[in-house]
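What follows is a set of notes on a single structure, which appears directly below.
Which chain is which? They are A, B, C and D, in the order written, and residues in each are numbered from 1.
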Amino acid sequence: MTDKKSKSVFMEGAITSEFIGNSIYKHQTKTNIGAHNIFLGQVRADVINDKTVLAITYTAYLDMANQKFHEIRESAFEKFELTCMHIYHSLGTVKAGEICLFVFVSAPRRKVVFEALEYIVEAIKADVPVFGKEIFEDETHQWKVNS
Amino acid sequence: MTDKKSKSVFMEGAITSEFIGNSIYKHQTKTNIGAHNIFLGQVRADVINDKTVLAITYTAYLDMANQKFHEIRESAFEKFELTCMHIYHSLGTVKAGEICLFVFVSAPRRKVVFEALEYIVEAIKADVPVFGKEIFEDETHQWKVNS
Amino acid sequence: MLITIKYFGQLTEITHTNEETLDMLEGTLIYELLETLYRKYNTLKTKDFQVAQNQELVDKNTKLTGQEIALLPPFAGG
Amino acid sequence: MLITIKYFGQLTEITHTNEETLDMLEGTLIYELLETLYRKYNTLKTKDFQVAQNQELVDKNTKLTGQEIALLPPFAGG
């Protein structure tokens, strides 16, 4: 019951809490799962030089990004005994407080989901060509850099 | 904006995906949060001596369990720079595929949520007096032990 | 000295009660209380459990204080 | 040899285009292509970016193969 098929990672706009709740619901038929671990990236209303971030607009080098997501997926399934794994990332504009990244891993037992989730999130941050334009309230912007 | 108030951890029956989705939704007003990490414990339909687990019935030494949850909460806020933390555990009967534990931590940046979540989940498993009776399809049972 | 003893999980299948009160002498140690319980419930001795006094796990050489005692089988939270 | 060059993120604010095609000699190295681009876009040199050829990050001493080149500013996924 290992669900390894590749699906589209990118979604237009924010990832809603309903979408996440529904994704959790769908796993209740997989009764060999004992532990889920979920990471959510949320857009922060950072204040930079007295200006507040209202939203981030995401773009990506799509062909390469999809290829990288595929490699991260394959590599995580190789390293960790996961039952399933889902990754969703926003494209376009995501407002402060909204969710732009949703990573969901599941396994029979808990130890492996902690390791796998951190591995996947770090790999996404490091390897996937996604770009973020932080939009301030006065309509100026700056380009986000992962740390 | 640190939300440290203690709330009731125990809920009667399974923790629904709607409840989890709604809990995520409520955090969208906290725009200093950049990273959420969620652990979900799901009841497995384990097969033991040819019999399948249909459900687990949870009981607890409530006074001590609430005290331990409080201590875990205080200790996690001391160790990690978290914006908020929520823990929910089921009491009563939870069917295979349903969720019995929901731990939710949030912080401005990601590194701390990975560490905090694993710390909290391991502490719950080790220190909180909760007991689980695994009910088989033939109505016999056995008592679960955390590993 | 009246001691309230609480039983949890599979231990209740041996004691057939969740709670009882025993009258023990001042200065009694936990393991002496357990000896009393083993005489009352034969198979209790074969079971794995920890003892809490006043909601904290205690060593079997701890003195009874008159507060609530709980016999706790292995935890299974989450 | 026609090379397609793609620009992303803040680099597009310098190039004012997402993509262009340049005719380069066979055997040209990435850093030679970059010299050409720096002459065309003055401030490109001041920007931090990596180069991908055929969707893999490459060293600046790599030979152009005729496949797609992308100039990628720092990643900001998640």
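Keep in mind that, in the parts below, contacts are C-beta pairs under 8 Å (C-beta built on N, C-alpha and C of every residue); 3 or more make two chains touch, one makes a residue touch a chain.
Just so it is clear, the model here is predicted, and its values are computed rather than measured.
Under the touch definition stated at the top, subunit A and subunit C share these contacting partners: B. With each centre defined as the average position of its C-alpha atoms, the distance from subunit B to subunit C rounds to 27 Å.
If you average the Cα atoms of subunit B and of subunit D, the two centres end up 49 Å apart. As a whole-number value, the distance joining the C-alpha centres of subunit A and subunit B reads 22 Å. Multi-chain contact residues, meaning those touching two or more other chains, occur in subunit D at positions 78.
Subunit A has residues 41, 110, 121 in contact with two or more other chains.
Inter-chain contacts, as defined above, occur between A-B, A-D, B-C. Within the complex formed with subunit D, the subunit A residues making contact are 41, 56, 58-61, 63-65, 67, 89, 100-101, 121, 124-133, 143-146.
Across the interface of their complex, subunit B is touched by residues 17-18, 20-22, 24-25, 27-45, 96-99, 106, 108-110, 113-114, 117-118, 121, 147 of subunit A. Against subunit A, in their complex, subunit D makes its touches with residues 6, 8-10, 52, 55, 70, 72-78.
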